[in-house]
Amino acid sequence: GGNTEKPADTTEKPADSETTTETTETPEETDTASDALFDLAVTHDGDAISGGMLKVAMVKDEPFAGIFLAELYEDAYDADIMAYASNSLFEADGNFMLSDEGIATLEVDQDNNKVLVKIREGVKWSDGNPLTIEDVMLPYLIIGHKDYTGVRYDTQFKNIIGAEEYNAGTADTISGLKKLDETTLEISFKTLSPSIFYGGDGLWTYAAPAHQIGDIPVAELVENDAVRKNPVTLGAFKFDKIVPGESVQFVKNEHYWKGEPKLDGVIVQVVPSSSISVAIGSGEYDIVSSFNATKMPEIENYENITILGRPELYYSYLGFKVGKYDYENSKVVTDFEGSKMGDVKLRQALGYALDIEAVSEIYYNNLRERANSLIPPVFESFYNAELKGYTYDPDKAMSILDEAGYVDVDGDGLREDPNGEKLEIRLAAMSGDATQEDIISYYLQNWKDVGLNVTLTTGRLIEFNSFYDKVQADDPEIDIFMGAWGTGTNPSPSGLYGAADQYNFSRYTSDELEGYVVGIDSPQAFDAEWRAEQFKAFQEHIEEMATTIPMQFRYEIVPVNKRVKNYSIDYSEPTELHEIELVSENPVK
Amino acid sequence: MVSVSNDKNSNIASSPPTGFQVIFREFIKDKLALVSLIGIILVTAYVFIMAYLFINVDEIMRVSLRDKYAAPGEKFLLGADQGGRDIFGQLVIGAKNSLEIAIGVTIITSIFGIIVGLICGYFGGWIDNIIMRIIDFFITIPSLMLIIVFVTIIPKYSQYDLVLIISLFAWPGIARLVRSKALSEGKRDYVNASKTLGTNDFIIIFREIMPNLSSILIVETTLNFAGNIGIETVLSYLGFGLPPSTPSLGTLVSYANNPLILQQYWWCWLPAALFILIMMLAINFVGQAFRRAADARQRLG
Amino acid sequence: MWKTVVRRVVIMIPQLFVLSLLVFILAQFMPGDPYSGAITPETDPARIEELREKAGLNDPWYEQYVRWVGNLVQGELGKSYTFQRSVGDLIGEKATNTLWLSLLSVILLYSIAIPLGILAGRYNNSKLDKSIVLYSFISYAIPTFVLGLLFLYLFGYTLRWFPTVGSVSVGLDPGTLAWYWDKIYHLILPASTFAVLGTTGVIQYLRSEIIDAKSLDYVRTARSKGIPMRKVYSKHIFRNSLLPIAAFLGFTITGLLGGSIIIETIFGYPGMGQLFINAILSRDYSVITALVMLYGFLALLGSLLSDIIMSIVDPRIRIE
Amino acid sequence: MMFMQIDNLKVHYPVRGGFFNRVIDHVHAVDGISMEFEKGKAYGLVGESGCGKSTTGKSIIGLEKITSGKIIYEGEDVTNKRRDRKSAYNRDIQMIFQDSHSAMNPRKRVQDILAEPIRNFLSLSPQEERKRINELLAIVGMPEDAKLKYPHEFSGGQKQRLGIARAIATNPKVIIADEPVSALDLSVQAQVLNFMKDIQNEYGLTYLFISHDLGVVKHMCEHISIMYKGRFVETGNTKEIFENPQHIYTKRLLSAIPEVSPIGRIERKRERVNVETHYQKEHNLSFDEKGRVFDLVPVTETHFVAASPTIKEVI
Amino acid sequence: MKTTDELLRIKNLHTGFRIKDTYFDAVDNVSLSLRKNEILAIVGESGCGKSTLATSIIGLLDRNKTRIQGEILYKNKNLAEMTEEELNDVRGLDISMIFQDPLSALNPLMRIGDQIEESLIYHTKLTKEQRKERVLELLNQVGINNPERVARQFPHQLSGGMRQRVIIAIAISCKPQIIIADEPTTALDVTIQAQILDLLIDLQNETGAGIILITHDLGVVAEIADRVAVMYAGEIIEVAPVEELFSNPKHPYTRSLFNSIPQMSQENTRLNVIEGIVPSLTNLPREGCRFSSRISWIPEEAHEDNPTLHEISPGHFVRCTCWKHFHFKSDIGGSHHVYAD
C-alpha cells in the first residue's frame, strides 16, 4: 500500500518470483531514474465527503498471519496492514534517510558509537495513553529477550552493547540502553556505519506500547490478544475489528499526533488474485496493493481507476555457482577452475542469450525492465546507469561461445564444452504462478537457440523455501539459478556478496570485491561521495565477472479508485494517511 | 419359497446372462450409449494416434511470445495460450496424458482391488479381517490430502509416479466392493458345488466367481475410469498433478481461474472443460448401459 | 449402544496411530522447513540454526514423533510457523468456517437432491424423470472446479449477487444476526457448487431405491390395505428409501470435508482446505500433520456417525 | 455293513459380539449326532427350518468345519481329510443342492459343468472325457446337444437332473441331497425323485436325503432321522417312524403333515390340536432344563428315541 | 346356488402382461365365483397364473404394463374398471390379501402395531385409543400371546409363523368379506403351516368371509378347501367341490398331479411324471386343449377345438372332453426319460 510513514527497513530479502511483498514496506523516495510510466499520485478532483471508509484490497492468495506487532511479525502483509496504524517512530526523506519529521529524532555520535533518540512530547497512543521513553525501549527488550524466537535478533542487533549478555540471560537489561530523561534514550553500539542513518546497525525504529504489553512474557506475546486482536498503536488509524486472516477494519485515531484523520476508517481485505481484476472494475476497492504486474492487461482499460506506479527496490538475477561455502571456516571458497560455470565467457553468453526484453514486454507489459546492475535505479546516487548489462544478443552469445571453445562437435545442435564433453547446465528456478512456468520454459528455449543445453534441477520449478535451501547448500545439482532480492532501503551488498556471507550464493569472492563490500559499510563511508563510488565500482566489477547477472527491475503498480483524493506513492512526497479523502459516497464503477 | 425361486428362474431364463450379447442388445436399444461408446473409441484412438505419431510435444510446448493468446484461426486451430502455445495440441496431449493416467490408475487399481477383494470375500476369516482393517484405514484417511503430500515429497516425479500415488489410494474402494460381491457370490451353491467337486480355491476364485462378477466389475471399472480422469484434472488444477510443462487438461481448465481468460480468451479453457465434461458423460452413459446389462431388472433390451 | 460406540472409538485409536505415523514420516520427507525461507542478509545463519535446534527440528525423527504424538494426545497440536500461533486455535478458526460450509452444503444438497430423487423415482420413465436423470449425469460429469469457476464468474463477478472473497464482512459484530446472515451470504456460492455436485449420488440412489421399493412385497401389502397411494409413498416408500440417506449423512459430511480443499481453493474461502494448501506451500508441518490427523479423525467420526444413525433409523441393525 | 459312520458330530458356529467382537457364544447348529450308513440305502434327515439339517450335510462333505466328532469312511477316519479337495473321500461323496439353478455356474456351458469333477478326480483324455459327458447326459435322459447350452436354458427339473449328472460323474458312493426337490413343482419333483431312485438302484448309491417334506422322505428313504435343534429326537426305519412315533416332537411333526384327502380332515384338525396341547404340556419332560434334546435310547434294534434317563421306563 | 350367497363373480377375465409391446394373457378367459363362507382353492403349477388372477382381483398390478379385460363383479360393481381411488375403498375393507413371504410382506421399519393400525385409519372411524385396542384384539385373535409387546416390535423380531399371523391380522382388521391368500404357508414349516391353516379355518368360521386360497400344495387344499379350481396355462381346467375332486379327478392334468404326489403313491412305486414342462407365458398354446401337447398319446381327435368347461356332475366342471380318453402313460409302458425343451 501506498503508506507514508514506514520507517526505513534496511534488510534485504530474497524475493520470490512473483509477489511484490518484499518491497511494499519500503519508504518513499523520489523516483528519478525512470521516466514516469505512471503517475505517482492521484489527481482526482471534487469536493470531499466528510468521513467515509477507504477500502483497501491486498492481493494475496493466502490468509494473512495477523501478528500486529513490528517486533514479531514475519509476513510482510502484516506489515502492510499495520502501516495504517503504524508504531513507527521515524520518517524518512527522499534518500531513505531518517528525517526529523517523525515522532522521534535521531542524533548520531559517530565518535563514541552512540545515538540519541528523542521523542516528541504530547504524542499519544490510540488508547489515549501518552507515549513514553519506556515505549521506545521496550522493543529492544523484546527482541533481545532469550525467549524471543524471531529472526530480528541478528548480527545487527548484537551490535548494541549489552544485547548479547541480555539475550544469554546474564544481564537483566541491555546495558547499552540508557534513559536520559523522559523523552530521550541513549543507545550505545559496538560500531557505527552509515547504515545507522537508514535505521540499520541495530537501531530499532518502532515503539511498543509498554502500558499494554510490557508485562506480558515475551514467550506468550505472539499469541496475545494485544498483538492479535486489539493492538494499541500510534498511527492515523487504529484497529477496530479483525476477521483473522481475511480482513481488518480500522477506525480513525482521534489521538493521532498529526491531527485527526479525515476518513472515518479503513478496511483492508485480502483478495485472491483471481478475483481482484473484476473487483477493481466494479469499484469494490479504493486502493489495491500487491497487484501483480502480469494482471495489468486485465485492468488497463478500466475507466474508474487511476493506475499509480513506481519502481520497486528489487532486482532479479541469474546466479552462477563458481565455488562452495566452507561451513567449517565460514567463508566463501571460489574455484573457477573446478566449476562448470568457471568460464566467464560461458557466463556472459548465457546472459546475452536471454530474451528478457521480450518477457518483460509480453508477460509483464513493460512493468519490468531489463536490469543492468545490481542496484535498482531508485537509489539514484548509488546506481550505475552507465553499465550496459547483458542485453539480448544471441549472435554475440554464439560468437562468444565459439570463441571460448564451446562448439557443437557431435552435431546434435547442442554445444559441447571445450574438451568436447557433453555440456548440460542445471538451472534451479523458483515456482510461481502459471506465467512463471512459461517464462522459464522460454528462457530454456532461448539457451537452446544458442546451442546450450540447460535443464531444470529436479525437473520442475522449485518451491520458494526449498529453492533457497538447495541454493544455500550448494546442491551439486545446481549450476545456475534464478533468484531475486528485495534490497530494502539500504542496497549495501554486504551480506550478499561478502567473503563470509552464506547468502553469497554464487560463491564468488575476491580481494577486489571484498574491498568494495567492506568499504561501502566502513566508517569511511560516512563520506557519501566516497560511498557512492564504491557502489559503482562494485556494480562494474560484478558485471565484468558475470558471476551474477542482473535480470529485471520491476514496477509496483497500485490501482486507485477515482474517488480517492490526496493519495500518492511517491517516495519523496508521501501520502499523509490522515489527509486521504474520498470524493463520493460510493466508489466509481 | 417355491414360487419365489421359480419366479427368479423364469426371469433369468427369458434372457441369457452371457455378457456380450446382452451388452450388445443393451447398446442397440440405447442409442445414446452406443453413440457415446463409438465416440469414446474414436476420440481415444484419435488422441493416441495424434499424440504419438503426429504431435511433437516439444514443439507444442514451445513458448512463442508473439502468439500470446492468439485467437482460434488459421495458425492455431483452437487458438493459443499466454505462452503462445497451441491449445489444440495441448488439448490432444493433455487428453492423452489424462487418459493414460486414468487408464493406468484404472488398470492398477482394478487388478489389485479385484484380486484382494476376491481373496478376502472368498476366504473370509483372519485374512479378510486383517485386509479389511487395512482397507478401512485407507478408506477413512483423507486421501486427497495425502496424495498432495506425496506429490510434494517425491523429488523427481513423473506421470508414472502420479499414477502410482493415485492408485495407492484408489484400490481399497474397489477391493471393498469386490469383496462384498464375492462374499455373496461365494455363498452361492455353485461355489460349494465346485468345492465338493474337488476344484481348488484359486481356480474357484478366478474361473468360477470372477466371471460371474464380470458385469459388475465392468460397470465399476468404467465408472472408476471416469472418476480417475476427474482426479487427475483436479490435482492438476490444484497444482499437484502432472509435472509442469506437461500438457494437462486440468492445467488448461485452470486457466479459467483468471477472469480475463475465462471471458475473453475462452479458447484456452473451454475446449478442455468441454472435453472432460463430454468424456465423463459419455463414459457414464456407457457405464449405465453396462449396468443395465448387468442387472436383469433394469434391462431395456 | 454406548458399548458399541465406545468399541468403535477404541478401534479408531490404532487407525489414528497408523495415520499419525504415516503423516509424520511423510512430513519428514518434505523438502525444506519453515526456517529455510527465513533468510535475510543480516540474519545470522547460526541464528537460524539455533532456532531450528530450539524447535527440535534437528532431533532424530522418532524423537520428534514421540514428542509430537505426546503433545497430540494432550490436545496440543503444536505451533504454526507461518502464523506463529497455536495450531489448535488456527484450525479451530478455519474449522468453524469449513463446518459452516459443510453444513450449508449438506442442507442445500439434500434440499435439492431429495425432492428430485423422489420425483424421479415416483414418476420414473416420465419426461420429468428423464430430465432429472440427465441433470444428475451432467452434474456428475462436470468437473468441480469448472462448475465452481462458472458459478464464481456468473453469480460472483458478473451478476454480483454474491461476494467472492472471504467468509464474512469485516465490521460486523460476531454473534449478531447480521453477522450470521453475512456468513451465510458468503457461503451460498461455494455451498451451492458443492451441493450441485453432490446431488448425483443422492438422486440416483433415491431414485433406484424408490423404483425398487415400488415392487417390494411390503409396499404391495400396504397397497392392499386400501390406503391412498399418496400415503403409501410417504409412509412406506419414501420413508424407507430416505432412511439410508439419513445414515449417509456422516459419510457425506466427511466427503464434503475432503471436497473442501477444492472448493475453498476456488472460492478463496478461508477454511481448513485452503489452510491445508497454504500449509503445504509454506511447509508448515505442524499445520499439515494436524490437518491430516483432524480430517482422518473426522472421517472416522463420520463413519461412526453413519453407523449410529443407521442403527437408530433401522430397527434391524439396532445396536445395543 | 456300515461303510460310513458319523460319530458324535458337532458343528458350532461362533457368535461374535461384545467388546472387540470377541466370540461370546456358539450356535450349536449340529450338536452331537451319530449316524451309520449302509451301502445302497437312503437315509432321510427331517426337521424344521434351522434345525441343522444342511449343516450336517455340509460338514460331512467338508464344506463346514467340524467342531468335534468323527467321520469314519470305509474304516478310515477321514474327519480331517475332507478338506483335501482331491482326496478319494471327496471323490466318493458328492452333493446335490437344493437350488439347482444357483448350484451351477451360469457362465459355464453344460459340458464344462459336467467336466469339472471329471477333470479334478479322473485323469481322462479329452476324448474319454467327452465320452463320459455324453454318457452322463444319456443317464439323466438328456440329448447330447444339451452340452453346448447354458444352465438357464433348462427348466428346473432338467437343471436338477444335470446337477445329479454332475454328482454321479465320478462314480461316487454316497450322495448327499439337500432338499433336492423342494424348489420344484409337483410333477417335476416326481420326475427327479423317480430318477434318483433309478440311479440309486442302478449304481448302488447311498443317499443322505435332507428334506422338510416328510412325504418325500417317506417315499425315498428306508431310514429316517428326525432332527431338532441340532440333535436327533428320533431315528429309525421309515415304517417305525411313521407307524410308531415315540417322541412327542415326531408326533407333532407327523400330525402337521396335511393328508392328501379331504376325508376326515375335521378329525385330523382335532387330533392336531390335541397333539399340540400335549406337546406344549410335555415339552418340559421331553427336553432337558436347557431345552436340549436328550440322548438317544433304543426302542428296538433300529429305532431310537431321545428320552430322559428318568422317564425311559415310561416309554 | 343362490345368487345371494355369491360374493364375487369373475367373468371371462383376461389379464395380459406387456412383453415387448405385445400383451400376453397370463390369465386367459377365467370365470369363477366365490360364495360366502367358502374357501375356494386355486391350485396349479408354478407360472400357471394363480397369483396374477389374485392380484387382478384386488387391482394391484402395474396398470402400465398390464391389460385387464372382463368383469370382476363385487356388489354389482366391476372391480376391473375401477379407478385406483375407488379400489382403495374396497381394498382392505371388503377384500384383503395375505401374501406368501411373511418377512418381505411387512415393512421392516415400521412397528407391527402401526402396520395393523394403518388400514383402520382409512377404513374405520375409530379413535386412536379404539384403534389401539382393536390392534391388540386382532393380535389376540390370530393367536399371539402377548399382543402389547408384539405391537411394539419390528417384523425382524418375530418368527416366521408370528409374522404370518400378523399379516393375517392386517388382512382381517376391517372384517372383510373376501380374503385372498396367495400361498400363505409355502414359506413356513409344516408345523407352523398347520397352525396357520387352522387359524384360517377358525377365522372363516367366525367371520363368514369367503377365502380364495392359492396354493400348489394339494395337501393344503385337502385340509381346508371347500371347492377347488385347477389352473393350467392361464385357464381353469377343472372346478369341483373338494371331496369330489379328490375322489374323482377328471381332467388328465389334475389326475397327473395327484399321481405325482409321493404320499399318494404306494411305497416303492414310481411316481407319475407329466411329460414336458409348463409352457412359459410367451409361448402358451392358445388354441385347442392346452394340455394336449403333454399327453401326446391321446389322439388329436379326443380334444375339443375350443374346449369349454363342461359340468359333468353338479358343481364339477371339466374343460375339454379328452379326460374321457385319459389313461396313465406309465400304464402303457412309456419311458420316464423325457426330454423336452
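Which chain is which? They are A, B, C, D and E, in the order written, and residues in each are numbered from 1.
As a convention for this text, a contact is a pair of C-beta atoms (placed from the backbone, for glycine too) under 8 Å apart; a residue touches a chain by one contact, two chains touch by 3 or more.
The model shown is predicted, which means the values in this text are computed figures rather than measured ones.
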item: Touching both chain A and chain B (chains); value: C
item: Furthest chain, CA centroid comparison against chain D; value: A
item: Intercentroid distance (Cα basis), chain D paired with chain C, Å; value: 54
item: Inter-chain centre distance, chain A versus chain E - centres from mean C-alpha coordinates, in Å; value: 92
item: Where chain A and chain C are represented by their mean Cα positions, the distance between them in whole Å; value: 39
item: Interchain centroid distance [CA atoms averaged], chain B/chain C, Å; value: 24
item: Per-residue overlap in chain C, given as positions that touch at least 2 other chains; value: 31, 157
item: Where chain D touches two or more other chains at once, by residue number; value: 185
item: Set of chain A residues in contact with two or more other chains; value: 274-275, 278, 463
item: Residues of chain D that touch chain E when the two form their complex; value: 48-49, 141-143, 146, 155, 157-158, 185-191, 193-195, 197-198, 212-216, 218-220, 252-253, 255-263, 265, 268-269, 272-273, 276
item: Interface residues, chain A side, partner chain B - complex; value: 274-275, 277-278, 295, 297-298, 358-359, 361-363, 431, 434-435, 437-439, 441-442, 445, 458-461, 463
item: Contact footprint of chain B on chain C as seen in their complex; value: 15, 18-19, 22-23, 26-27, 29-31, 137-138, 140-146, 149, 153, 157, 254, 257-258, 261-262, 265-266, 276-277, 280, 288, 291-292, 295-296, 299-300, 303
item: Chain E residues touching chain D - in the complex, by the definition given at the top; value: 45-46, 160, 189-195, 197-198, 201, 216-220, 222-225, 242-243, 246, 256-258, 260-265, 267, 270-274, 277-278, 336-339
item: Contacting residues of chain E [partner chain C, same complex]; value: 58, 60, 84-85, 87-93, 96-97, 99, 101, 104-110, 115, 118-119, 121-123, 154, 156-157, 167, 170
